[in-house]
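Got a structure for you, questions after.
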Amino acid sequence: MLINCVAYQNGAKLADISVDHISDYVSLPGCFVWVALADATPQELQEMQQEFGLHELAVEDAQHGHQRPKIEEYGNSLFAVLHLIEPDAEQGGINVGEVDVFVGANYVLSVRNRSKLGFLGVRERCERQPELLRTGSGFVLYALLDAVVDRYFPVIDALEVELEQIEQQIFTKGAPHNNIQRLYELKRRAMVLKRAVAPLMEGVGKLHGGRVPQVCMGSQDYFRDVLDHLSRINGSIDAMRDTIGTAIQVNLSMVTIEENEITKRLAAWASIFAVCTAFAGIWGMNFEGMPELKWAYGYPAALVLILSVCGYLYYRFRRAGWV
Amino acid sequence: MLINCVAYQNGAKLADISVDHISDYVSLPGCFVWVALADATPQELQEMQQEFGLHELAVEDAQHGHQRPKIEEYGNSLFAVLHLIEPDAEQGGINVGEVDVFVGANYVLSVRNRSKLGFLGVRERCERQPELLRTGSGFVLYALLDAVVDRYFPVIDALEVELEQIEQQIFTKGAPHNNIQRLYELKRRAMVLKRAVAPLMEGVGKLHGGRVPQVCMGSQDYFRDVLDHLSRINGSIDAMRDTIGTAIQVNLSMVTIEENEITKRLAAWASIFAVCTAFAGIWGMNFEGMPELKWAYGYPAALVLILSVCGYLYYRFRRAGWV
Amino acid sequence: MLINCVAYQNGAKLADISVDHISDYVSLPGCFVWVALADATPQELQEMQQEFGLHELAVEDAQHGHQRPKIEEYGNSLFAVLHLIEPDAEQGGINVGEVDVFVGANYVLSVRNRSKLGFLGVRERCERQPELLRTGSGFVLYALLDAVVDRYFPVIDALEVELEQIEQQIFTKGAPHNNIQRLYELKRRAMVLKRAVAPLMEGVGKLHGGRVPQVCMGSQDYFRDVLDHLSRINGSIDAMRDTIGTAIQVNLSMVTIEENEITKRLAAWASIFAVCTAFAGIWGMNFEGMPELKWAYGYPAALVLILSVCGYLYYRFRRAGWV
Amino acid sequence: MLINCVAYQNGAKLADISVDHISDYVSLPGCFVWVALADATPQELQEMQQEFGLHELAVEDAQHGHQRPKIEEYGNSLFAVLHLIEPDAEQGGINVGEVDVFVGANYVLSVRNRSKLGFLGVRERCERQPELLRTGSGFVLYALLDAVVDRYFPVIDALEVELEQIEQQIFTKGAPHNNIQRLYELKRRAMVLKRAVAPLMEGVGKLHGGRVPQVCMGSQDYFRDVLDHLSRINGSIDAMRDTIGTAIQVNLSMVTIEENEITKRLAAWASIFAVCTAFAGIWGMNFEGMPELKWAYGYPAALVLILSVCGYLYYRFRRAGWV
Amino acid sequence: MLINCVAYQNGAKLADISVDHISDYVSLPGCFVWVALADATPQELQEMQQEFGLHELAVEDAQHGHQRPKIEEYGNSLFAVLHLIEPDAEQGGINVGEVDVFVGANYVLSVRNRSKLGFLGVRERCERQPELLRTGSGFVLYALLDAVVDRYFPVIDALEVELEQIEQQIFTKGAPHNNIQRLYELKRRAMVLKRAVAPLMEGVGKLHGGRVPQVCMGSQDYFRDVLDHLSRINGSIDAMRDTIGTAIQVNLSMVTIEENEITKRLAAWASIFAVCTAFAGIWGMNFEGMPELKWAYGYPAALVLILSVCGYLYYRFRRAGWV
């Protein structure tokens, strides 16, 4: 589905154009065409391939989808795959979309898949900064990258908030089963984010310093800025995964500690009642020569004795912190 | 066993030829011969060695089999070892075959071992793309690599599906013994795949960018595409291994949590019955001066008292979530 | 908020100047202006951007704050983000502030955020070493870096002291719940420090050896010294994190060992009382033909027997170290 | 102890020579001397040092023994330390010997220590391939390396077989104590192998590709082949160590699962008997007004009631899978 | 405290000189002065700084002490910090001293801190090898490094011996509490050694191969030898840390296994006595119509029945290996 198709010259918008006129504008000096598709059909992609001379392998990747994030050079053009991460409100999970961006000296083609998040805002912001847009199609790639990466921040923030909630539960309330399931789920979501971020870092790293593709030459500092954001997110994810691992371990420790306390309490009460039962058993025997059974105050004395022993045990266990 | 032996010139099939005529075609300009063997005998390999001038060490590796995946340069020719991974339907495990590929400027020799998966489809696809096949024997290597790597995807998918099944079991039903055995088995299978993929990545990485062997010069972008697929699989395996490790830990946690709950319940019921038995023991003693034994309503009063105490304990344990 | 604004020439202070006169001094040969802001407003930052020609992205980072530590080159100028770590006395936690430093050939601008720690001492020390300050604005960057990094040492020392306290608790007293919570908290604080140190190491590493930015040329040895301090802190943090991991594991082991001992003791006492109760039960049966019940010394003999068996069991358990 | 001392020229054996004549042959063009010692005395080593001009530090290393595997260049000569790993039949462990090889343009000196494995076979194989031996002393180094590395394969195979045996035990029979001890022992043996292989990989890696020592120039492909074998072994060891770690964890899980099952069974039977005893205790009380005691069918009714309750409990526990 | 101060020329000792005459000797061709200090005062260091023109930062490091090991270049001179590790006989721990070495073309200054280990032996050994000492001050640095590193070997050996002792305890006797405390302590000591060795490896690595500081040029092979020793120690420490981690895990497993066995035994005996008590309870009931109570052989029959049941249970548990 075509979202829009606009020609730019020297940083300023020339015109909204139809796909048929792309070839006219592409050949103008200092001019580039920016086409945005969403959930493109194979026909649309093929049309674009002919219009811009896209590489067969890149188009194949865009068609198949489900690629890992990457930025690849094909001759003088670039092919970028980015993951769109958005919280999935219905299922409480994470939805992963994909944007494929083809960038040449005189064109930018972005194809958005399986995501409702659009990039209209990116286009507007670019058009408001003509002095930057003048540097060419590479700046558009930066703007798209920046928009995609900026959307990772709220996702990682949400994960961190949930981790903190679970942490509080671990040390206070007693729902270890629930905690561990949430931690497991959290780790899984962190992994999804990780797999969007880590390969992208590698790709963006090649767009500044050292040998940089021609189209990105003028926006190096900007790509370094994106890389810096990615590093920050990546650092947060790694820290979070490490913390989740520790939290699972700590949760297990807390369960074992609780079991330990219950075992102690069980042992204490079992002892107290066993003593009581043993005494009662002794005086419940049917021997004939048991003089204490005949004493006037035998019974109360026995009760006092039993209670004293049990009380003493209770006192000892109490002091030891067992009951 | 010879599967087939075909000569190609400028991307087009010249003829099915017999092994004896290989040397005639090899010397034609722009011509290369593609020979496919399966479970080759030492004699066949020796014949090929003489025909194509293969390096002694490479032939030795092909003969011994059970090599780790690799891509090695011998002068101007390449020797590649690839693992063929196929689900083993009978045993529910994984079967590992091997393809050894020798590539020179004017020949490709593939030797398939211990696997029923053939490469006829690869040859057909190559012949349908003469403009690519024209780039030479390096493209055939790419086509074989691509076919082998594409077969890894369903294997990793199957592993991921099974992992999800086990995950659901961990948090719902109670078959920890079974879960852990399946997780262990799964990890083992993931390792088999890992050992097919990781060393191959290293090898393929040398076929694009930087200094590339002559025969692969024209297909660099294609080899990068294969590398990208391998990275994706490798990433999935690493994530899976990490997840399996966590799942084993989580499974242990769930067992400990369950044990904790049973210990609590045991402690609770033990207390209740111990109280009941202790009271009964007291009134079962044979002292003479036990006035309550003579009371008209002594027995019902005792029963009520015992039941009240036990009931109160039950209520307390219930509220604490122990029973 | 402007803290101060001073012009220096050849290592000596020229004058405290107002912001309006910055442009006059910046153009003098061998002269640079050092401006210090705290919690700067966007207006102040914008003013500075115009005065010194700061790069848009760097100013944006300084405005947003919450950056990861980094040292970035923008043309001939540098932009550094440093974390200020100070123990938070009230909450027992750690407070993380931020200093953003812009360094050009003829200016240094430091912006301090969310921290009460000032840098007046740094300015004084610099002014006392005119022979070093003469090397230019790069030395001021070093002095600020050095001051920031020096403040990490007491933080890591405090963490190490607390770790030692917990370690002693693990092996002596019995507060496993508390220990594990403190270890968890400690790890979290170590992570905060780690995230201040590790990215900074990367940044400082680019300021000595190899290709060094022009403004830092004369202070290379000094930056290496800072890097060395950072390496030391980083090594301490890594060792601490490793130790905390082990300590959590050890704490769990200690809990399990304690549980084991209690289980043993429980088993021992349960056996002793069970034997006692079983004997008493036997002689409490109502059979008629129980001759021992009629014996003169039946009762004492029974008591002696019961006590002997129980005593023997106790002796055995004692020797086995169970009770 | 001198094993043998032979002079070779252009790949062919010239003569068995005595140590005194070494200097005569060493100076012949295209000629090299191959000396093999076993458990050499300091005197023998000193003699060889003078004969071949060995470097002081290398000779010192050979004398002290217990070096880590390495391949070092001293000017134009090489010094290699290799570990000889052989299963120690008597103790069921692993015996680690050492071979020190000094290689110069016109000599090879191998010194074997603490091992009964000889290298006569290597010499024979070399002499049967004069076209390869002609490339010089570097090929002898390859032949020795190859022989040493080939002997690692049966060792790692034996470890893998044992690991599989233990794995079967973990999931079937119940000997967790034994399993864990065997796993620990296995890991230790894997470490011994690892320490023979990993440093050697590093050393051999320098003998092909890039800057290669002069004496190994002609045998680069062969050294790459050895490196490939080492990589395979190294990969197997790493996989095994990872698996052992998981197996220890799994074994612990199985123990905990078994404990869980026993706790359940204990809890179930304890409940059943506690109920039985409590009922009996009630009717064993000595109250007067207990009408059921006088009933004609009181006793059988009581027995039926007790058995019914116990039976019901048993049924419930059975269904829950506890007994 | 000045230990000694000697001038050397062409590898031979010239004279013991006083500090005042240093400047006379330093300017002689082919001559260098070797000064040894112990626990130097700031005054002594300052004097040396002026005498040899030491870099301010290096002197500062030497004054503060507690540096991490490193080897730094300051212009044409080197500054090395080494850790002196010695077993602390009194506390059973490890004492960490420090040697700071300043090396220039014509001087060596070593400053030893917080350690009783001296370097007189090093000086003697150097003087006995004039042909090596002739290569200059770099060789003295090697000799000091070698002496320091050689002293690490007995420390690591002692740690390995203790690890083996603990390992034997883990699988035989039952002192898990003690084992784990010793393992923890061992790991801590291994860490101290690690922190002495790992950074030093990095530093020494720069003294051979590639770009080597001028003063070390002639002793490259010797520094590689030190590096090799450090690698060996580092490998041992890493292996030990890995083993300690496994040992802690195994120790926990052994505790759990023991607990499992005790739980089994407890369950078994509890069952046996519970059965006995239940039977006795039944016949202790006060029902009237209990015909077996009146039977002549009722009592012995009851005893036989009880014993039979208990005996059968015992037999079953025995066979299952529970008691």
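Labels for the chains are A, B, C, D and E, by order of writing; each one numbers its residues from 1.
Just so we're on the same page, contacts are C-beta pairs under 8 Å (C-beta built on N, C-alpha and C of every residue); 3 or more make two chains touch, one makes a residue touch a chain.
None of the values given here were measured: they were computed from a predicted structure.
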item	value
Those chains which touch subunit D and also touch subunit C	E
Where subunit D and subunit E are represented by their mean Cα positions, the distance between them in whole Å	24
Length of the line joining the C-alpha centres of subunit A and subunit D, rounded to whole Å	39
Multi-chain contact residues (two or more partners), subunit B	249, 252, 256, 259, 263, 266, 270, 274, 277, 281, 284-286, 290
Pairwise touch network: line, ring, star, complete, or other	ring
Neighbour-by-neighbour ring order, given that subunit D leads and subunit E comes next	D, E, C, A, B
Residue ranges of subunit D touching subunit E (in the complex, touch as defined)	55, 57, 61, 67-68, 70, 72, 74, 176-177, 180-181, 184, 187-188, 191, 195, 199, 245, 248-249, 251-252, 255-256, 258-259, 262-263, 265-266, 269-270, 273-274, 276-277, 280-281, 283-286, 290, 292-300, 302-303, 306
Contact set on subunit C toward subunit E in their complex	167, 171, 221-222, 224-225, 228, 231-232, 235, 239, 242-243, 246-247, 249-250, 252-254, 256-257, 259-260, 263-264, 266-267, 270-271, 274-275, 277-278, 281-282, 284-290
